[in-house]
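Structures incoming, each one as structure tokens.
First subunit A sits with subunit B, and in the next complex the same chain sits with subunit C.
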Partner chain A sequence: MSLVKILEIALRTGRVTRRYPVEEPLLTPEFRGSIEVDPSKCWGCGACTKVCPSNALTLTPSGKGLVLEYFVGRCVFCGMCAEVCPAKAITVTKKFELASKNLRDLRSRVVHEVLRCSVCGAPITAEAEVRAVVKVSPITEEYVALCPRCRKERFTKSVALRIGASSGPS
Partner chain B sequence: MDLAKALKAIRRSIWVYHLNSGSCNACDIEVLDALTPYFDVERFGIKLVGSPRHADVVLFTGPVTRESLPKVVRALKAMPRPRLLLVLGSCGVGGGIWWDTYATIGGFSKLEEILREQGVEVDRVVYVPGCPVRPEAIIYGILVLLGLAEQKVREVEVHAPGG
Partner chain C sequence: MTESVSKLIEELKRLGGRVEEVKDREVYLVVGRDNLRSLAKALYSTGAYLKTCAGVDERQVQGVLSIYYIFGLDELGVDVVLRVPVTEDDAKIPTIVLEVPAADWCELEARDMVGVEITGRPVRRLVLPEDWPEGIHPLRKDFDYSARPPRRFRSELPEEVGVPLGPYHPALHEPEYFELYVDGEKVVDVVYRGFHVHRGIEKLAESPRFTYKQIPFLAERICGICGFVHSSCYVMAVERAAGIEVPERAEFIRSIVLEVERLHSHLLWLGVAAHLLGYDVGFMHAWRIREHVMVLAEYLTGSRKTYGINIIGGVRRDLNVDKLDRILKTLAKVREEFVKLVEVMLSVPQIKLRASGTGILSRSEARALSVVGPVARASGLYRDIRKDYPYFAYREVSFKVPLYTEGDNLARVLVRVEEVLESIEIIKQLVDKLPGGPVAVESWDVPPYRRAVAAIEAPRGEDVHFIITGVGKPYRWRVRAPTYQNIPALRAMLRGASLADAPLTIASIDPCFSCTDRLVVYDLRTGSRRVLRIAGGVSACPL
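So, the complex of A and B:
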């Protein structure tokens, strides 16, 4: 290709360089950046942690409560967590300037209060999830505050009472 | 080693070496992208070189497969001080999808321990998440590495409202 031809093409195209730190970045509308968890909407159900391909989202019980941790350093930005979230608490943002000098700064946590069984005191699930369940299904608050073991015990006791086994297992 | 003095010396035009430790090539293409006219990192004087002996910064991609581990350690040993590393992509930072497989060692955090055992000191590391990283994110990462831009992400811990 002759120089004249190249010059003609170059003049027709003009400048394409994005002067990034000064100008706006070249983001497409479909671009997916890091996710954001809204702590006021999140139930702490852990659906996002089940679907996360790289385990960037983890739900672990700790001394503080039930901790939903998002480690952006492992995230593959697939957006499946936002799709699966029943509370629509996760939004996919367009943030990409995530450079950090240490790995600690790449973690963000949402700490949930844990509901404890009203009989034996064992931890059940996050309080927010129980509140959400009570809102949509006809279940009494008394029954929902029992752990699965205590529920089973109460059920067998009531059945035993109905079939006449008066001196059942105490 | 006076890190501040060394950083001042290379601030104007840094030469980068691209070290692939078994990545899927997406981050490598984005490194190439950053060199194209659209992002044109050569306007900052950033130049890709073919040997770690010539490099000021290593662009590190991939989750460090077992096969590449000895080669990666050798390449980093060959690098002159100060050793500045820009760890690109989810694989490099936290292992990505391959964080717990037998075939990789799981990202740079594990490699750092091995390097310490081998006596290879790394002076400064900046982690750039992204899958793949955007060319702008690479530019921003280099700015953070050289201390020309402020780091934007912080560790956050929020309590969900009760009651």
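So, the complex of A and C:
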């Protein structure tokens, strides 16, 4: 009896399995796949690396530059990075066929030039970030080109001059 | 705080408890270890359930090691938390297993992880692997989250003959180990050895890179089936501790997604149960119907599983008209197909015969072990966290809690079948009443050293997260998954049963071992029959 009933259900339902990859995969419009970082927009600020729960995004100094690396092998496809990116450089794609025989294919990098202090030459931060900051805030490029230590020094010196104290043994 | 709660507090004070903090849903008491047993007895005999206990290294803030015993008063919807502090030099706490049998595991876990000796009972390692060195307790704050102590191997060879089942589960492909002692075909005793995939998630959350914001994504990965329960429970604990008011719309969305998760989980389980009984046709159709729910989940959240939409203070995805419409259409289809399938499935002789009368858990045993979820409801315990401790939007909906008194495998099947239908009705009501407004708070702040208990009715039963807030991240985050509470009941179900019924009975609690286990144990060892094969890698529940 139950056999007849289940047969009826089966026949009426027909085949439900999609013949992937011959047929299109079943993806809803909301699906979150791997991310893409647009190098022309990225500032190299590292906000995405701070919010990434799985360490898939990392910002590390390398040689003379600063490298933002996305390792899809660790990605959990949450898309939090795209939400916090101040430059709107990250897009969440619908890509999910990410397997590769080459580990290198799983890593993508954005290399940033690093701005160096105009006085002492110490690395400050990614040039792109400095350019973006100058655009939106009322600070001079000359001030931005100083590292935090040199800024502090210049500030204490100017305060010292204003109150007439000696600037110390020079 | 109602009158009956104040009366209970008075009684607990008389027995030696000192009230530390009284909140809407929780009462915190400090108890000296000499008074612990009488307080635990008083609570348990008045109908409180033990939710769990949690060892906490509070040396940095209070100079003591503590065990928090979390009791739930289902009828009042209030949790009573007993904190028993002891000094490091004299870290001994008497056992409460005689008064509260459900405390068996969590006492041993606190002993392993925090190093508080439990006196007055036989002790053994529960969570830590056999080769973990003595005297190193991973959840102490001076143990670095990334430390890897040297391993030392111990060997014990007993005399009896055992039938090994596992470490791979006979039904779900997860590492675990049951030793069934048999007399002919009859099971005489059961020894369970779990925690092969303990991933140390509670400790990992202490690592520098995890802040309040990232832990929801970690919590979601505790379980591959009911991950959203864990992330919801974590955010609820933090929100309660910090007093964050979540927008109503976000609470509705969380409830809708939680019920969608229950649908897929119960359909998955029903398929597995059919498969175990040799009825693979039922398995395939159950999973075919489940697929509609999976696609719906992806459309609502962006992912078929590990939805990733919970953040502290709300959710990341809103629902629009299209989505609401899709929910109702999918539910109508699922309901129609599910009712037909269940009708056929339950009329199949091998299912009915093999499920009825097997794996019986009596009401008294279920009560003593504080079992949760469908297992409790199939044994006549009226427990449902959605009713007893209403959270999110569950206050706004009406639904029935299925209750059976037989306590056998069939009862557990029927409870889940009815819950699927109830879930569908709950979602419809939620969609109908969905309020407008924002889906997350603009900003929030978590003050340090606040405590909160959060509980959610997962598909497998009550999931409990206990939190002590810290600076920028939780000071202690304790997770108690439902399976943790239900596995000890298997011993009662299997004793005296036929060996052939063991796989279905084990599966009937819908076990989720990865939820229960939270520390990595690797190394493959062979040797005598008693030496456990410890499986490698981290396994998740089947998706």
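Everything that follows uses one rule, which is that the second predicted complex is superposed on the first by the 163 of 170 C-alpha atoms of A that agree within 3 Å, B and C clash if a C-alpha of one lies under 4 Å from a C-alpha of the other, contacts with A are read in each partner's own complex, and residues count from 1 in each chain.
Note that contacts are C-beta pairs under 8 Å (C-beta built on N, C-alpha and C of every residue); 3 or more make two chains touch, one makes a residue touch a chain.
What you are looking at is a predicted structure, and each value in this text was computed from that prediction instead of being measured.
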**OP:** For A:6, select first, second, both or neither according to whether it touches subunit B, subunit C, the two together, or no partner.
**Re:** second
Subject >> Touching partner for A:109 - first (subunit B), second (subunit C), both, neither >> reply: first
**OP:** Applying the touch criterion given at the start, work out whether A:14 contacts subunit B, subunit C, both or neither, answering first, second, both or neither.
**Re:** neither
**OP:** Would you check which partner chain A:121 touches, where first means subunit B only, second means subunit C only, and both and neither mean what they say?
**Re:** neither
Original post:
Which of the two partners, first being subunit B and second being subunit C, lies in contact with A:138: first, second, both, or neither?
Top reply: neither
Original post:
After superposition on the shared chain, which partner residues are touched by A:55: those of subunit B (first), subunit C (second), both, or neither?
Top reply: both
Original post:
Counting only touches as set out at the top, which of subunit B and subunit C does A:76 meet: first, second, both, neither?
Top reply: both
**OP:** Tell me which partner A:29 touches in the superposition: subunit B (first), subunit C (second), both or neither.
**Re:** second
Original post:
Is the number of subunit A residues in contact higher for subunit B or for subunit C?
Top reply: B
**OP:** May I ask you to decide whether A:96 touches subunit B, subunit C, both, or neither, giving the answer as first, second, both or neither?
**Re:** first
Original post:
In the superposed arrangement, what residues of subunit A touch both subunit B and subunit C?
Top reply: 16, 26-27, 31, 53-55, 76-77
Subject >> Residues of subunit C defined as touching subunit A within the complex >> reply: 209-210, 213-214, 217-218, 221, 281-282, 285, 288, 291, 295, 298-303, 306, 308, 316-317, 337, 340-341, 343-345, 347-348
Original post:
For the complex, which residues does subunit B have touching subunit A?
Top reply: 37-40, 43, 90, 93-97, 99-100, 107, 109, 124-131, 133-137, 139-141, 143-145, 149, 151-162
Original post:
Inside the complex, what are the residues of subunit A that reach subunit C?
Top reply: 1-2, 5-6, 9-10, 13, 16, 26-32, 51-55, 76-80, 83
**OP:** Sort out for me which residues of subunit A touch subunit B in the complex.
**Re:** 16-21, 25-27, 31, 34, 39-40, 42, 44, 53-56, 65, 71-77, 96-113, 126-128
